[in-house]
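Structures for review follow.
Here chain A shows up in two complexes: once beside chain B, once beside chain C.
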Partner chain A sequence: MLWKKILAVAVVTGAMLLPALAEQPQVAMYGYHSEVTVFWDPAYSFSNEIIWMHNVYETLLRYDPFTDQFQPVLAEGYERSEDGLTWTFYLRRGVKFHTGREMNAEAVKGAIERTISLGKGAWYIWDAVESIEVVDDYTVAFHLKYPAPMDLTVAACYSAFIFDPAYDHDWYLQGHDSGTGPYTIERFEGNTLMVLEKFEGYWGGWEGNHFDKVVFKTVPSPSTLRLMVESGQVDIAYQLPVSDIQALKDNPNVRIVHTPSFQNLLALFNTQKPPLDNPLVRRALAYTIPYQDVIQGVLAGYGRQARGVVPYGLWGWSDRVKQYTLSLETAKLLLSEAGYPEGGFKLLLTYVSADENERRVAELWKSQLAKLGIELEVRGMPWDSQWELGQAPDPTKRQDIFLFYWWPDYAHPHSFLSAMFQTEEEIVFNLCYYSNPLYDELITRAAELAGIDRAESINMYVEAQNVLMEDVPGVSIYDMEYVRAVNAKLQGYVDNPAYPHVVWWYNCWRG
Partner chain B sequence: MGGRLSYGLRLAGRNPLTLVGLTGVLVLGLIAAVAPWIVPYPQDCRGATDVGEQFQPPSLRHLFGTDELGRDVFSRVIYGARISLVVGIVTIGLALAIGVPLGVIAGYSGGLVDEVIMRVTDTFLSFPSLLLAMAISAMLGPNLRNAMVAIAISWWPWYTRLLRGEAISVKEREYVAAARAMGASWARVVFRHVLPNSMVPVIIQASMDFGGVILTCASLSFLGLGAQPPIPEWGLMISSGRTFFLTSWWIVTFPGIAIFLAVLSFNLLGDGLRELLDPKVRRRMLR
Partner chain C sequence: MFSYIARRLLLALVVVFGVLVVTFLLTRVVPSDPAARWVGPHATADQIAAARAELGLDKPLYVQFYRYLAGLVKGDWGISIRTHRPVLQDLGTYLPATLELILFGLFLAVVVGLPLGVLSAAHNNTPIDHLSRLVSIAGVALPTFWLGMILQLVFFKQLRWFPLSDRLDMMVELLSPVKKITGFYIFDSLITGNLPALKSALWHIFLPGLTIAAYPLGLAVRMTRATMLEVLSEDYIRTARAYGVPETNVHGVHALRNALGPVLTVLALTFAYSLVEAFLVESIFTWPGLGYYASNAIMTVDYPAIMGVTLLISLTYVFLNLLVDVSLAFLDPRIRLG
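Let's look at the complex of A and B:
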């Protein structure tokens, strides 16, 4: 009788265990250094929340900057008219919003019009749009004021989400969503925790390996985050100090993923204040930056020296653009020509005080300038104060060198070339106070050509960058690589720098 | 004089901790005085960098290792003594220069003048001193000079309070009354008779405050509101090395030890001085 008892117990426990084994939900976790949610409304999301929003909301197209190709998402295909003024998108059929309604041309029009009418976040990417036409249930056409690359616009990282337009701001603030994506909000805690669960009716289906839930958690301390990656609690960690990355390299449980990003560090020169109002002095300074020491010593090799202003990997980058290298001899010659053979002047550099990489770059640069008799005062300031000083009414009261990062609102070189270097009546980001009509003309024409003739547009952007390299209103020092520590078992993860820090969890699984 | 000195030393000898403090302060002063000539890598204290040498652990070549920009931590810690001492002297001097005249005037004059001075003092005292120093430093713009001004501004009220109390009791003494009776001017009475005889507690307090000021300055620099890179200030060194604590412990540990030793020395010395100069304690010690 005993064996019968044992069998019975085994069957019962087995029956209890089996479903537990089978239904164990697969949960992924993303450790992020800062708040995971700043804005709740997809129409004007403009901050960290894109790391989860891109899993809840989708765009018409998705852009792959490495191949310069577009992947169909909510649009299965699109056409551009000969004059570049009409773009027609053919929508995917049978897509449901999480609210239960169907995603169709009417909804796309409504969502984009709501984004434009709110006028917040990155809504200006739709600037070229004159009107949106519902051709039929699954066809939507954009009529433009001037030719613009709408494929890039609809694939933008911000303000291009297609959501159910029937809801307003307050509804989103309560923690609801109205996307079409594979995941939907399960619960959240303030702005430091977001839990997504899978949306059963997702158009892509749930065949194969997928996570059932995804957790986004704020982990402000880098050392805690490092321990969480090492123990496998976190599948992906963003922004660990370089020294921790070096230490994690040899850990078999962790994989280090590094990808060229569209973020670069720039030094903008005050072209309105002596001695940097003299282009010779500015060119001399471009020869004093220890580019290689910065990349090895500050970035531990995770980055590359910038060429021009457009970052490597983004269209508009070209090896036809001039690149400066460290050469104190050349700098000295240029300084002598400008009337400063022994240096003898003082410059003020400002940076964001909490940013250790910026500080180190400034200190390395300072030690080079000291050899030429130039004293660099390095001043760390909160961002608000740094920016305020940069906008002081009297240009001679402003800093001499403004150190900061730039990254694009959408994958377009115009984002880099216009905001910082185009003539500005009121100073916003042209913190070199540069104004060159020839340059302004070049980039305006290049932007207009971008939607019609990409190759010619690139040629003009290259020419514009060479104008900058000649006048040197500023120097881009390096193009960053995004470095992430990833659970070695995580499969399917590809970093796409056009969508900074976004992981499409639907494409990932644990092997 | 000789008799007084040996008497002082004999008293000090009864409290060995005072001697430890005194020795520490003297060593610190000596190091600060000769720092530029004794450090092995003087250029590293003035902002030179060498990326090829970064993150070297302590060795004979680099006693305390090197930091994230390849600078010798030993040289920078030694040089930092000079900065901390200057900060201490300047800040305390500044705080005394504001606090002492106000305190003696308030104490001696009494009445409305006393009321006004003391209510202003109370206003300053109502803020936690580090918070006030942070606010002032942020307002003036962060650098070492402004940090010293900021700390002095948050520090002087203590001296005013202390001196006022002492001046109130001193002004009732007979020698003050005598000076007044002989027709001495107000200023002469205040600054020649009342002030010198009320200074003892303030001097004791000031010597004890040295440690506190050094610590506050390091805190401000740590928060980015004091010394700016590449000045080898201890607090700043800890701040810039903290992200490497798990991998390169020496960058933050040695400046930390330096702050600890400096503050401890000044506190021990201040404690000892209080015992030496306080007649009640002194009598007990000699019994």
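Let's look at the complex of A and C:
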């Protein structure tokens, strides 16, 4: 009889344990090298927090740069007027904010107006908006001051979230959220841990495979992050050193995903300080960059040489834009023409000191310049110091070459072409101090056409980039690829460079 | 006694004020623009100017310092440039993790270091002594970051005995979260009877705790050994032995009690040193503590956070010193404070 008792106890215990096992939530984990939250308010989020905010908050549309198409999210459809000055969006019905209120035209208007009135973050993407009209409960119209591609604006990575406008910054700082997304904040720990749980009332429903919870965690040590990916503790990791990526390539538990990004490395020349005030010298320098050595030696092949200023994959990139190659002979001819046959001058290059890739690019470049008798001083500085030197009132006190990355606030080439090269009264990011009225006119026209005639807009952006390639106020060296180490079992993950480092966890599951 | 403590407290205020002045000036000498950091990348000139006014950075330096001090008195330690949260709130979030780690490390150092030192002195110049001296030299000499990574490679990657990082297993953290009372996970999970969390917390604290313990452990062994040897040659020990007191009592009671003073002083001071050690250990073990917060603050010239951490550490130093002096007077009847 004893065995019967044992069996009975085993069955009862098993029956008690089974639900416990079944109830084990599906948890995903994202290992991030830096703080997972910097800004708390969705109206002016402008930093790392987008990695979780895009799972909590949604935009009206989502942009797919690979197909140049928009996916409906909170807006099911939209149309624009002939003159491109009125854009009407038709909202999805039956969507609830996590606060319980309904998402409707009034709320959309309120959210965007709050973003604009706060004037923080990337609010300037709404610059073209003159007024927002609530046509009916589920229709909202944007009336513009000038034609602009509002489909790109409402799908922007920053400052385009639709949230319940009834709350203020302090409320968000307490760890609350007011989004419509599939996940909502469960809890957080300072700026290094964010735990999201599924929002039962999500409009997309919860049928099929989805994670119940998603954990975003700061893992500052690359060696620890690598071990976490190898052991399956982390489902996705970004910013592992290239050497670790190479080592992880052969690990069957890890998949390496690399996608062209919209981030590129640029060298901006000081066009107001001799000898780089001479376009011939600047053109010569563009011929001295060892582009291929950089791609192979610094990026281990995870990147491509830039063509123009707009990165590969973003509309506005074109093979009709001139591309420089390494040619010391051509550089020498140009230098001779400019009056420097033996070089004989010294240049100061500044870069962000923590960035190993920038340092290695600068060192490779330095060795090429030395062959032409040009001495390059490579100076690593904290970002704000580098920037402050770049803004020094006297142009001759500034650096000669400013090495840094650029990425767009929304998927628009204008971000690259205006911020760094358009005439600026007060220097912010035009760190080549370049001013060319013809160029300014071209990009202004191109931006206006972007919302009406995309093909013509691209033509003008190509022409503008060729003006830059002729004047060489700066050179874009490479377009980066985002390289991520992903748990081999993770399914449904697609990297979208228009939303850097964002994973839409609702679409992912573990196979 | 009380006038002594009052005088020391007054002196402590002067020291802390001095530290604040120096730190404030140093963080402002470093070329950096906190307003630009505050608004994030790609900000416009107007946004930066607005942030400068919002943060009071457009005011003269002495006004800024006065405002900072006035804030401190009211319990406002400023807002972190990097995290956008009140510094005091940030410190409250991260400090308990660090204190727990350091206390655990010091506990290991005392529990292992003291007996090892006594053993070493009792068996002077024998293989036991040589071994314990090796342990102590290694503990003091090995760089923390190296030791931490080696422990991870051996005990996590190879043997799988201990977890790699964090304070708790993620599933435990999600399914049996620790109810925060003191912020010390071991203590909180113990008093709330949360056994899965207790087990996980102990498991997780072991490797980083051991890394932190290495230095004080080495010191404890060496100090105990040295002071024990000195005490063991005293007359009263010879007398005790002559009276036939058992050797274990001679070492464990009569000698150790007199040898303990200097050891405790040194260990108390290593507490503050361990706070600095935690900077590296916490980064390696993803321990969400003050060290991680401080190293990020320094790297990004987040001056309110730097000031906050410095203030906290200097307060700790000053009060620990005072505490040691006062407690020594209780331990050693020859010391009279006045």
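Here is the rule we use: the second predicted complex is superposed on the first by the 505 of 511 C-alpha atoms of A that agree within 3 Å, B and C clash if a C-alpha of one lies under 4 Å from a C-alpha of the other, contacts with A are read in each partner's own complex, and residues count from 1 in each chain.
The rule we apply is simple: contacts are C-beta pairs under 8 Å (C-beta built on N, C-alpha and C of every residue); 3 or more make two chains touch, one makes a residue touch a chain.
In this text, all values refer to a predicted model and were calculated from it rather than measured experimentally.
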Touching partner for A:E35 - first (chain B), second (chain C), both, neither: second
First (chain B), second (chain C), both or neither touched by A:E388: second
Partner chain in contact with A:Q246 - chain B first, chain C second, else both or neither: first
Which of chain B and chain C A:G380 touches, first, second, both or neither: first
First, second, both or neither for A:V219, with chain B first and chain C second: second
Partner chain in contact with A:A362 - chain B first, chain C second, else both or neither: first
First (chain B), second (chain C), both or neither touched by A:R510: neither
Residues of chain A touched, compared between chain B and chain C (which is higher): C
Touching partner for A:R445 - first (chain B), second (chain C), both, neither: neither
First, second, both or neither for A:R101, with chain B first and chain C second: neither
Touching both chain B and chain C, residues of chain A: 223, 354
Contact footprint of chain C on chain A as seen in their complex: 24-25, 27, 29, 35, 37-40, 46-47, 119-122, 124, 173, 187, 189-193, 195, 213, 215, 217-221, 223-224, 227-228, 231, 233, 354, 382, 384-385, 387-389, 409, 419, 426, 428-429
Contact set on chain C toward chain A in their complex: 30-34, 36-37, 39-47, 50, 82-85, 90, 93-94, 149, 152, 156-157, 164-166, 170-171, 174-175, 177, 283-286, 288, 292-293, 296, 299-301
For the chain A and chain B complex, residues of the former touching the latter: 222-223, 226, 241, 243-244, 246-247, 290, 293, 296-297, 353-354, 356, 359-360, 362-364, 366-367, 370, 377-381
Chain B residues within the chain A interface of the complex: 46-49, 51, 54-55, 68-70, 141-143, 224, 228-230, 240, 243-248
